[in-house]
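Two complexes, one shared chain (chain A), two partners (chain B, chain C).
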Partner chain A sequence: MDTREKVIQELDKRYNRLVGTSATNLCTHCGWCIESCHIFKATGNPEHSPVAKAEKVRRVLKRKHDWLSRLFPKWTGAKDLTESDLDEWIEAAFKNCTLCERCVINCPMGVETPQILATARGVLTAMGKSPEILNQLTDAAIAREENMEMMEGFFRKQIANLEKQVQERMNDSNARIPVSEEADILYVPLSGAHTMVPAALIFNAAKANWTMSLFEASNYGVFVADIPKAKKVVERVLKEAKKVKAKTLVVTECGHAYGVLKWEAPKWFGKQFDFEVKSLLEVMNDYIQEGKIVLDPSKNSEPVTYHDPCNIGRKGGIFEEPRNVIQASSKEYKEMTPSKVENFCCGGGSGMVACSEWTEDRLLYGTVKVEQIKKTNAKKVVTACDNCLHQIKELGEKNNLNISVSNVSEHLANALVFS
Partner chain B sequence: MSTINIEKVLDLKGLLCPIPVVKISNAIKEIEPGNVIEATATDPGVMMDIPAWCASTGNELDSMEEAGGVITFRVKRLK
Partner chain C sequence: MDSQSFMHFVEYELQAIAITWMVVMYTIKAVQLSRLPMPWEKEKPKGSGAKGILRSYGSIFMPWSVESSRKHMGRWIGFSLYHVGCLVAIVNTFTYTFTPGMMTPTVKIVFSALIAPAIFIGFIKFYNRLSRPELRHISTPDDYFSLLSLQLFFFTGIMALLLDTVFWRSSYYIITAAFLFYVPFSKISHYIYFFFARFLTGKRYGWRGIIPQK
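== the complex of A and B ==
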């Protein structure tokens, strides 16, 4: 089988009604999506407009799936795939699109450009052409479970150190970070301490019945659209949730991980889970509303703004909870413009932060975000996704924004009053 | 007795995961098979991420130690 045949076969595997209608029927080339894209706005390059990026895949899909394009390809712009198209797909699907979906909500026809480009990501992965580091990080997550005997020792050592920090900050030697024990809440962090210590302070302060997962929430399998591997990464956590008899699985502040566990995994496994899936943002807001934690907003005295991560906000529908949490734990809150469903992507999403070969492009793609932050006059940017956190920190340093950046739980933990 | 040839030293202190893995992944390509990268990091996440990355990429975690909040580890390129 030659490359072209293999690509067509891989495309067919991923062809569904959503991709099909978006690719062949809906787009009228009206151009409304162009100005909605943070990457086009940063570069001004027409090749970076959503319509142009989707077209690179659309024309190949049309050639096979649209009757008019099968008969008269020149009329519709359809074309047969060539090997050089794949290089263009890498640029369009991985480097020049963060799958933020802002173009979708600004499209009068609802064309799902990110779905078309995610389909291209999956094909490129199957062809061995997706970014190596994203595949390595996916495989490393799977290796963590396969080598759990060795890994668990490292993890428990790490947690023991962090537990001491929590006890010192709370001045309470009974404060704990239970690991994979039976509990109502299974909290799934990232591998960094900044997603563990603040959450542990909050759970301990709220006297929650909780335990920390042995695994990290992040799932690079979705960035390379390798669903079999992405399922493996999720499966580890599902098994653990069953083992600890969790009633609620709480996902840390990680945009794609929340989307995967809340929306995608039930579809992949064809069932609703026995436990509820919540974002840590929702849980923190619950604790405040229920009076389970006490806060001193004066501990966060600088003006603070919130960046809505695309996967949490636009795609996840969580807008008010982080704002409630930040406002309850700060003296002065500044809203970003635009925000919520119309917020712009920071430019670091969908794996871009890990792709060091595109660092310069990524920082350029954050131009709109830099302007948004400047206009708030905030001295601190709080967000709820690690990709956004990395990107905004780097944007701040590169553009001398003189800001600090943290996730929401760190911000809240800083304002906690321990009794 | 085998000798350890440290070809590259990386300071990854202050970097949060997955960036230390990204830096190791890039650096490993720049050293000869059999040679070693020695790195220092402060994010405890490396204590899980680096062994897992080594296991999945066929490189060897030669050592990993933590002292005073600084984690020092050595990765040997095997192929």
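== the complex of A and C ==
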């Protein structure tokens, strides 16, 4: 089978109603979406507009599925796939689109450009052309489960060290970080301590019945649209949730992990899970509303703003909870403009942060975010996703923004008052 | 064929054939799309799918709620006037034929006045497509042809309304029929896909509590 046939076959596998609707004549080439994209805004390159990126894939889909394009491809801009198209797809789908969906909410027709580009990502992965680092990170997550016997002892030792830090900060020798024990809440962190210690402080302060997962929440399989592998990464946590009899699975502050575990994975597995999936943001908000934790906002005295990660906000539906948490734990809160559903992507989403070969581009794509931050006059940016955190830190350094950056739980933990 | 029977043919038989053709084509397209797999949400909703769908359809009439309209109000007004012009020009093909008594001189002037801005906006669209590099970059022959054929449709519609001669009326109906034959294949068929797309996106966004925003 030649490349073209294989690509068409892979496209066919992914051609669902959502893609099919956006892949033919829905797009009127009106250009309304152009200025909604942070990448086009940063570069001004016509190739970087949402519609131009989608068109690179759509013209191949049209050639197969659109009647007029089958007969007169030149008339509709359709074309047969060539080897060089795949290189253009890599640029369009991986490097020049963070799948942030900002163009979707700004398109009068409702064209789902990111769905088209995510389809291209899946095809490129099947063709062995997706960024190698993203595939390696996916495989590493799967290998972690396969080698758990070897890894577990080391992991538990690390957690024991973190537990000591928690006990010291709380001045309470009974504070614990239980690992993979029976509990109501299974908390799934990332591999960094900044997603473990603040969460442990909060769970202990709220006297929650919780346990920490042996696995990390991140799932690079979704960035390369390799759903079978992404499912395997999720399965590890599902098995553990069953083992610990969790009633709630709490996902740490990681945009794509929340999107996967809350919304996408139930679709992949074709069912709602036996437990509830919540973001740590929602749980922190619940604890504040229920009076389970006491806060001293003066401990966070600098003006602070919040960056809505695309996967948490525009794609995930969590807007108010982080704001409530930050406002309850800070003296001065400044809203970014635009924000919530209209917020701009930081430029580091959908795997960009992991692809070091595109670092310069990524930092350029953060130009709009830099301007947004400057306008708030905030001294601290709080966000709820590790990729955004990393990107905003680098943007701050590169552009001399003179800001500190943290996730919401670190910010909240800093304001906790321990009784 | 004398001019009266020619007029009858273009107003009735030709239109009936063209509309039937268009409906059949759209039905085939709709069935094809409906048969594609659709990954519906499985997790319990954070918001309401129904509210999301309503908002998704409604946002086109709520320019303040979408940045791309809010920041370019002139463009949104142009978009609205253009589509009003389209609607009136289509409605006119029916009213002219089936309710001639309704087509008083005043109604004809009102209809013409509603269609005329669409011609003006059509020229602006054409100019933008040629002059803005990011629009030129994505434009296809179908984009230009669709725009020009709509201009012709509007123009003959106005001329038929104002002059009411056999030439302009028959031109209007012939162009309408040609248009109906072509539309299902061109990007003008976006208005059919619009209902699918807005439904799917609105349902997902509503379900996840993303829209409507509080």
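Everything that follows uses one rule, which is that the second predicted complex is superposed on the first by the 419 of 419 C-alpha atoms of A that agree within 3 Å, B and C clash if a C-alpha of one lies under 4 Å from a C-alpha of the other, contacts with A are read in each partner's own complex, and residues count from 1 in each chain.
One rule holds in what follows: contacts are C-beta pairs under 8 Å (C-beta built on N, C-alpha and C of every residue); 3 or more make two chains touch, one makes a residue touch a chain.
These numbers come from a predicted model, not from an experiment.
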Three-chain arrangement built on chain A, chain B and chain C clash or fit: fit
First (chain B), second (chain C), both or neither touched by A:55: second
Touching partner for A:140 - first (chain B), second (chain C), both, neither: first
Which of chain B and chain C A:193 touches, first, second, both or neither: first
Partner with the higher number of touched chain A residues, chain C or chain B: C
Touched partner set for A:324, first chain B, second chain C, both or neither: neither
Touched partner set for A:112, first chain B, second chain C, both or neither: second
First (chain B), second (chain C), both or neither touched by A:16: second
First, second, both or neither for A:404, with chain B first and chain C second: neither
Nearest-approach distance, in Å, of chain C Cα atoms to those of chain B in the combined model: 29
Footprint overlap on chain A, comparing chain B with chain C: none
Residues of chain A that touch chain C when the two form their complex: 15-18, 20-22, 24-29, 31-36, 40, 46-47, 49, 51-52, 55, 67-68, 74-77, 104-112, 262-263, 266-267, 269-273, 277, 313-320, 338, 340-342
Touching residues on chain A, where the partner in the complex is chain B: 132-133, 136-137, 139-144, 146-147, 150-151, 154-155, 157-158, 161-162, 190-194, 216, 218, 353-354, 356, 386, 389-390
Residues of chain B touching chain A in the complex: 16-19, 21-23, 25-26, 43-49, 51-53, 55-57, 64, 66, 69
Residues of chain C defined as touching chain A within the complex: 32-34, 36-44, 46-47, 56, 60, 66-69, 71-72, 75, 79, 128-129, 132-143, 145, 184-190, 193-194, 196-198, 200-202, 205, 208-211, 213-214
